[in-house]
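Structures follow.
Both complexes shown next keep subunit A, but they swap its partner, so subunit B is in the first and subunit C is in the second.
Our next item is the complex of A and B:
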């Protein structure tokens, strides 16, 4: 598995898209910090971008890589190597290279602008951890979709739809149900609804760490009480881990039966 | 001629002799402040030398001056209040007063003044007190350069720093108040000035203002207070050049205005408050040249606010600029700077060519369903805000800044 991981990792690291992605984050970080020299303010702006963009890039990269390297994968499958190892190697290769682009691309400008002297270092590392989680989650989800769909175009379509669902449609349904049922106590509902979407969960985790938390009023108090405790933090991190583990398990399950 | 001169000399001698100076110290003839007050006459001066004086309930009904030096400490031993004064033309200054006990029956304070005119309280340091200065039914007083602090833990067993009730023409200047329930408390106080004070880290309000008309407050700083500043049920107030900073909390305001008529609010800075200004039942207020920086809500207007004018204010990076409860709009927003304004200025006259709508659809939804706030900064919310901006359906139609300014005004 490590060998395949190594190959796909190097393959991706050499590819143009990794550089573009890395350069994009590098430019973004420098421009943000250049425009408002304040590290802690830049973290807020960055949150908006990471939460929308990382899942999207993860999704597209995952699907693209699967379909592009299909022939090579089939060649590998002809060798006496365990299937799970091939695909896990590829999956980890993509996720790691994306995460590396993210961490280095944003880390370098922030360190250059004195992150270590700033109080925002904790918020920033939380942001990077959550960004990495989102990478792993959405690559796994898109790999699932790609594995289940033979047709390339369909696969792409489903993957984009999946991203759209988590990033936009889910929140729409969430908001409508909040407005519809506003006669009922909604804090438990909103807590659960937030927890079950990785993008929402990441957004709330970052928002609560930032000063905006007090704005959330009564609901915010419920949220802060929950996420502020060790149990809440542990639970939300474990839900993020679940979001990685479950798709990976399904991927392995699917692989065993799939006829290439 | 000679006789007249002699009479003058005698008279002046007589006056000099009358203003006696009484010294108090542990080894002096008079070793307690209470004793000194007893022997003093109107116009006398009591000098309290350094040392610790454990005294309570020093009652003063004479027009005298009491002052101390560095190291003069009056210790109330956590029992009753310390100075109780009812006299005209008195001065008390340069003392340190500590340890006034908590009482649930009496408002025990370091210095209580009632039914007095022309008083001066200056350079007094209060520490660990229940109430600091308690001024009742007094007029023409000055409270200058004092420091009031305590270790208040909750609202029920803590008192106010500078508490003024039913008075007029009082000047509160240059004080620092922290760790109390309310920093400065005004009730039924008229024609008074509050300026250059620093009120911070109080449990409830930095400044609490009730039924007090025709007052002015300026150059004050209110920071980190539990609920910010509350101004209620008052008319003709002027507030300018104040700073309202970092009043964070789920029920916290920079400035809470309730039933305020005909006020002038200008040149203030509201920075990092949950709600910059919350207005309820406020009419005919002019908001001019204020800066709203990084607040949760810059302005939240509840019902019954009419004929208010918002002009030349800077709205910078607030999560939500304006929240509005009703569909009716009788307030005027004009010539403000909005950092979220995305319009253009083709004729380069410094004023945007298309109007700005400060109320977003999301802030309208949050007003109706507060729980929806968990969706703040979600992509979906940005999308619906955009579509509402293009064609307003839910937010008040006419609520807009027709002439938004392109550059920061109050830099």
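Our next item is the complex of A and C:
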């Protein structure tokens, strides 16, 4: 598996898109720091971008890599390797190279700006950790979609829809249901609903670590009470881990019966 | 050496292999022929473990291959379409495949034979179709395995490379290897194959030597004899 990982990683690190992605984050980091002139504020702006963008890039890269490397995967399948290992290697290769682009692309400008002397270092690290989680989650989800869909165009469509659902539609439904059921106590509902969407969960996690959660009002207090505790933090991280593990398990399951 | 027993494979409503039985002995070259969509590639992919049959048993060297992968160390496969990661160089790809198989390889000889030395440092994405096929051939022939499976090996090759390929196949045959070939080029079959396996409607319609086929159909030209077999499907 490590061998496959290594080559998938090399292949991706040398592709133009990895550079574009890296350069984008690099530019973003510098511009934000230049405009905000303050590390903490830049972290907030960055959060809004990372939360939407990393899932999208992960999704697109995942499906694109799967369909593009189809014939090569077939070559590997004819080698004496377990097929699960081939796909796990590819999956980790994509996720790691995307994570590397993210961490380096944002890390360099922030370090250059004096991150280590700033108090925002913890927030910033959390942001990177969550961005990495989102990479792993969405690459896994998109790989699942690609594995289940023979047709390239359909697979792409489903993957984009999946991203759109988590990034936009989910929140819409969430908000509408909050308005519809405002007669009822909704604390638990909103907690659970937030936790079952990796994008929302990531957003809340970061928001609560930053000192702007007071803006969230009463709901914010409920969230703060929950996520602020060790149990809440532990639970949220476990849910993010679950979001990686479950799609990976399904992938392995799907592979057992898949024809190439 | 290879045994297919009562093999069934359906893709949705489409039945591709329908209770196929086939035994292939050790040594010699067998050509798997049949009209488009007769299940040639599916049959090969079942043997490789890429397609999972709905029913039936496949044994290779008296051991079942289903749900296993280590038996693939004893076989080489040349896929139909050569498409490699565009950002790796030819050299890296060869190193990688070598890395994946704990086995002796003689890629140098093959690289010289097909004149790939100048392309070694080029990225695979920049190679022409024919050159990619040559790389594909190098990958398939560089290991010393008992079984060679070649799916449309002549795709996109120039005449000289084609001659080299035929010589290569003959050499492997002399070493006592078992070789399975699928192709639509009958002159190629006529030249290299010992045995013909003709697939029709997911079953073996004919199995035997080229001479037997000619006798069977009463036609002295292989191309027409095969056309005669195929035309039965249209009838």
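The rule is short, and it goes like this: the second predicted complex is superposed on the first by the 260 of 260 C-alpha atoms of A that agree within 3 Å, B and C clash if a C-alpha of one lies under 4 Å from a C-alpha of the other, contacts with A are read in each partner's own complex, and residues count from 1 in each chain.
Going forward, a contact is a pair of C-beta atoms (placed from the backbone, for glycine too) under 8 Å apart; a residue touches a chain by one contact, two chains touch by 3 or more.
On a predicted model such as this, the values are computed, not experimentally measured, just so you know.
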item: Clash or fit (per the criteria above) of subunit B with subunit C on subunit A; value: fit
item: Touching partner for A:259 - first (subunit B), second (subunit C), both, neither; value: second
item: Which of subunit B and subunit C A:223 touches, first, second, both or neither; value: first
item: First (subunit B), second (subunit C), both or neither touched by A:209; value: neither
item: Lowest C-alpha to C-alpha distance for subunit C against subunit B (Å); value: 35
item: Complex interface listing, subunit C residues touching subunit A; value: 11, 45, 48-52, 69-73, 77, 79, 81-88, 92, 96-97, 99-101, 139
item: Subunit C-facing residues of subunit A, complex; value: 3, 7-8, 10-12, 14-15, 69-72, 74-83, 257-260
item: Residues on subunit A engaged by subunit B in the complex (per definition of touch); value: 41, 47-48, 51-52, 167-169, 171-172, 174-175, 178-179, 182, 186-187, 190, 194, 200, 203-204, 207, 211-212, 214-221, 223
item: Partner subunit A, residues of subunit B touching it in the complex; value: 248-252, 272, 274, 296-297, 317, 319, 365, 368-381, 383
